[in-house]
Amino acid sequence: MGEVKLFFGPNHPGMHGNFSVHMYVEGDTVERARPLPGFLHRGFEKLMERRLWYQNLALIPRICVPEPDINEVCYAMAIEKIAKIDVPERAQWIRMIILELARIASHMMSFPGIGGPLGLYTSSFWGVADRDRILDIFESLTGARIYHMFIVPGGVRKDLTPKIQDLIVKTLDYIEGRLPDYEDLIFKNRIVHTRLKGIALLDRETALELGVTGVGLRATGVPYDIRKVDPYLFYDKVDFEIPTATDGDAYSRVYLKYLEIYQSIKIIRQCLEKMPEGKVNVPLSEGSALRYKVPKGQAYVHIESTRGEYGYFMVSDGGEKPYRVAVRGASYPQTFIGVEKYLPGTRIEDVPIWLSTMDVCAPEVDR
Amino acid sequence: MTNSMNNTIERLKSIIRNLKVEEIDEREVKIEIKPEMVLNALSLLKGSGYSHLSIITAVDWIEENKFELVYILFSWNDGGKFIVSTKIDRKKAKFVTVKHLWPIARYYERELHEFFGISFEGNDDMRPLFLENWDDLPPLRKDFDPMEYSKKKFPDREYHKDVIHEAKVIRGDLNG
Amino acid sequence: MSTNERSIWEKIADQLRSKSLWMLHYCTGCGAIELPPSMTSRFDMERFGMGPMATPRQADILFITGYLSAKTLRRVIYTYEQMPEPKYVIGFGSCTLNGGIYYDSYATINRLDYYIPVDLYIAGCMPRPEALLEAFNELMRMIRKGEANGWKRYKENYEWYKQNQLRSLGEVFIHDEFHE
Amino acid sequence: MKNKTMPDKDFFSPIKAWKFLFKKPVTIKVPYVKREAAERYRGFHINDWNECIGCGTCAKICPTDAIKMVEVDDLPQEYGQKPQRPVIDYGRCSFCAMCVDICTTGSLKMTREYVHISPEPEDFIFAPTEKGIHGIEEVPVGWVRDEASELLELERVEMEMLDGEERVQSFIEYVKGYSKEQAIHEAARCVECALCTDRCPQHMQIPEYIKAIWKDDLNDALKWLLKGDETNNMLGANPFSAVCGRVCTHKCEEACSIGNRGEAIAIRWLKRYIVDNVSDYKKIIEIKPAKKDKKIAIIGSGPAGLSAAYFLSTMGYDVEVFESLSKPGGVMRYGIPSYRLPDEALDKDIAFIQALGVKIHVGISVGKDISLESLKEKYDAVFISTGFSLGRSTKVPGTDHEDVLQALPLLREIRDYLRGEGPKPKIPKSLVVIGGGNVAMDVARSIARLQKVEYGQVDVKVTSLERTFDEMPADMEEIEEGSEEGIEFYPGWGPVRIIIDEEKIKGVELKKCVEVFDENGRFNPKFDEIQKLYLDADMVVEAIGQAPDYSYLPEDLKEQLEFVRGRLVTNEYRQTNIEWLFAGGDIVNGPDIIHGVADGYWAARGIDEYLSKGVK
């Protein structure tokens, strides 16, 4: 039998970045597959133990590149839970705005990005260009395009000025106006239907057994979203829906992301409306940032990222540095067990579709 | 604590004596148990709806000479989280696998073996996952110093430029 | 031949070369996130005759987008050696210069030019697409002037580079279940 | 392949694409178009060198270790500044702006510049200046600190004190001292810049002991206080920590980098917290030097004398101290009122010095009971620290009246009385104190307390030549607290005469002072003779300064010694022109306790050097 070894990555242009899958291929079909992570391993969990509580702020966003803010929020919330800090209300609303903007930015890259593996480059070009408008908001709000380092334990670093608020409102209107174009381009496109429907199937039982979260799980018909099930920040005070689909295939996952952008826009508009005036942060503890301390304790904090459950388990021994921080990458299950068990049977040309709709994200797995 | 969490803890107490329960917040509970009771507790929790395994990780308590293994379970029904923790000997770092309960545990355990040097009975696939040609202590152990390793293996740049002179030229104190 | 002497034909070739550069699409680290904006409509680097290329054997530029873990460095050295001459390397962001925020990491290298020659660096963490495009323009100018000679240095000092690579990596060859 | 429903085909769909033909292109034509970054952009740094004090806090907070402090030799060497500036390695920097948010002065900011490209790796390290890193005249400023992003705590932890009404009723120490929580909180504010160490005359290891407090390790903190930098000849040790923790003039707090934008760290109170909260120094500090077979005599048991004794005995010398009064301590025992420095604190320090084997002979006056020459015969070296014990007088008419007193003898009398060792001093119904220094405040506040007890009300007036509170040499807090206790201040007046009627003092006549110092900064007061002020009083105290008493020095020695304005001239090691004679304290440097301790320290090192040369 002509079984062929095929190296997929790490050098491959795609959303999943520097990640490798080794496949044994027979004909056009994948027989066996092995994930090979570690190209982006930097040892964050160790580096965090070497830095002060506040210094880590510059380090953690780098764990996840497309959506760095989830790290900042998890880190901040874990500390706040251990140290029992009351964060000013305004800061919580600003955090929600940032999280949802980041969700839009990440989705704007990943759902039109499905055009990449399909050869439909227009959609990914559009998506990236429109995502850049969100980055412009981040630039004026946080001072940087990608790594914002803005959400700190105790609040956020600076206030949201009316000028930035106007920019957010304008940009959201623009994005909302653009979304029907994407609908026309992608979801009314026969080629997209042919190539995505019925591909990369994952049924509900498997998804739950594996621990797949996020759109991968919701595409199987369950409305499991941490924002609803285990609400954090003020997600229980805003009105939004969890879009679900029943097919559990690549198409429904992509379509769900598209629908989630509408929900995010809705959430941000409510946040802007409900946000009170006031302080935006409280110090993490007494003294200067060089001598912040967090009392002894442990906490696990998880939030809903674009790829599912993203969590931080934090241990403090009462010192000036974290004792241990463990990061749960949202795409951990699908990256490993998913690739190993459920990629086989897929045709070679569908592998990139499988990987990108399953949101295999190397940096958060490697850490 | 939610009702279902209370009920679950009651059931846990019936099979495990001396259960140490610590409430972290209203939907998060940490329970500390002896190593031999971990499998029972985990399967009970899995059966009670806490079926989503968020993460398996470890903490190196070097002064106590222990590794703390941490299993975090989550329920999609009520949003409750259980942190199941147990302490094992650091010198003979060995535990049993839970891969029959959760398939993904295989990789979490492989990761723990790579980063802490903990091995898991019943899980034979312990090849390195993230690191290649690793030649030192498992890196997440507290007695491993990454700075030292980095200095030994990956040299830093040494700058030779007279920065202060340049700054004075820029300020206009000196003429280039 | 000294590194800076070019024949008239090479000068002409360099002029033409600078107008059509293919960049190897290999995202080694975080910096890759600023590549899509530069490649696509917002900043559009195709205006300068540049484009992404999937295989090293047809690429001119190797773009090291940020930190390199030791594991990736092995692949990068493979990749670099596969690229045809002339080839150019751009180091992107703090990490390629002196380790950046990962200066104390056990898994990432600290200075790129210790292992492969680098023609141009861009400061920032991460640099914006604007800086990236300016860097590409600068690289084109350097190619036209014959100043981008990293690939010649690599040949001339091959022993030195190899020795450094071995010092940090132990061995450049990869051993895993697929490369037995 | 199941469930493959196709979308409804729209015949006109392709035509929709035409609408994009008329839209503005999204492409930004970089580099032909320059795009300005956002207002808060975190680009490269700028640093105002004139504002920067080189404290190095930016280097400490930097999460990437990108900032190094580099010496700049031609910067002014001033207190509260270090001649160094931050150098930023852009091969490390992660542009997080923590350095900007924590900068103690606000000199470091970030710009909106974001392009820096170079083939040369050496070209990525800079000492940012006012013109950024590229030397552009008007650099657009990006991220700056504001109130929300502040990383320092600018407000001091408030020290609890008795209020004015209450504290004036007794001589009980009114500053309560920090509790453990307060002290750790206050210690957490420190950024370890060590500007205070440079400023302190004795170079105490302030950041180290503050850090030890923060770590709640008081034994370690006490070690830093009493042994200083053990690797460097005990530099920075202070045997009078309990005393200095209360009454030090705390110049360190003036240098504190936090003080640039907020309130300085309460270094003095933190020192006091350490010594108040350790039981016995002897159990914590172990000093067992090898004995050296040399003997040293010290004249005067003030701060300088006893410090010298302390340091010499830690070196292994036999030390004997001669004190003319009945208790050791000098100015600390007899000058400073007990509401600021209770005897217990002083006794704690002196007991530790005695425990090291220092013998203190009280009641022996050199020059009367024993001569300096005989000391020279018996001992290998002599250290004199006799202090300023004579008062100065304004010498205006009437000052020879018996109710015109000198400050120091009066303070001594009050302390003896309170200790139960002396008669009750005469308590005036109404007092005028002439002088604007701390001694004047001590007199005023002591008498105020006595008046309160005796008559139930306070009537003390303080008058000084200096026209404002700022100009007055007294500490601002002394003046404030004095006012709270009911003392009235009349700054800007000089005495003309004491008004005496029927042998009794009725008051003081004063004239307006318009200028205290001349253009050269020399003391040369000018008066407006027309403006007059009359203050009622039945007692007047002159507290305009003190003078040394050298009567114990034999004439032949006096001739060999060199004096400048009443003070002895010594070398760096406090050695006088006579090689066996060392001197310190007010008669050499002055004016406060910590200078005395420093004199004691340097003299001890000098004596050690002198004696180890084997010269007798």
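As written, the chain order gives the labels A, B, C and D, with residue 1 at the start of each chain.
Convention: contacts are C-beta pairs under 8 Å (C-beta built on N, C-alpha and C of every residue); 3 or more make two chains touch, one makes a residue touch a chain.
Worth saying up front: this structure is predicted, and the values here are computed from it rather than measured.
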item	value
Per Cα centroids, the chain farthest from subunit B	D
Separation of mean Cα positions, subunit D and subunit C [Å, integer]	56
Rounded Å distance, subunit A centre to subunit B centre (Cα mean)	21
Rounded Å distance between subunit A and subunit D, as computed from the means of their C-alpha atoms	53
Inter-chain centre distance, subunit B versus subunit D - centres from mean C-alpha coordinates, in Å	49
In subunit D, residues with contacts to at least two other chains	26, 37, 63-64, 89, 91, 94-95, 121, 123
Junction residues of subunit B - those touching two or more other chains	130-132, 139, 144, 146-147, 157
For subunit C, residues that touch 2 or more chains besides their own	41-42, 71, 97-99, 101, 103-108, 111, 125, 128, 176-177
Overall pattern in which the protein chains touch one another (line/ring/star/complete/other)	complete
Subunit C contact footprint on subunit B (complex, rising order)	127, 130-133, 135-136, 139, 144, 146-147, 149-150, 153-157
Residues of subunit B touching subunit D in the complex	157, 159-161, 163-164, 166-167, 169-171
Subunit D to subunit B touching residues, read off their complex	49, 70-72, 85, 87, 89, 91, 121-123, 125-131, 133-135
Subunit C - residues contacting subunit A, complex	24-30, 32-34, 36-37, 40-42, 52, 54, 56, 67, 69, 71-72, 75, 79, 101-102, 104-108, 125-126, 128, 176-178
Interfacial residue positions of subunit A with respect to subunit B in the complex	37-38, 41, 43, 45-47, 49-50, 81, 208-211, 213, 222, 224, 226, 229-231, 297-300, 302, 309, 311, 313, 315, 323-324, 326, 328, 332-333, 336-337, 341, 366
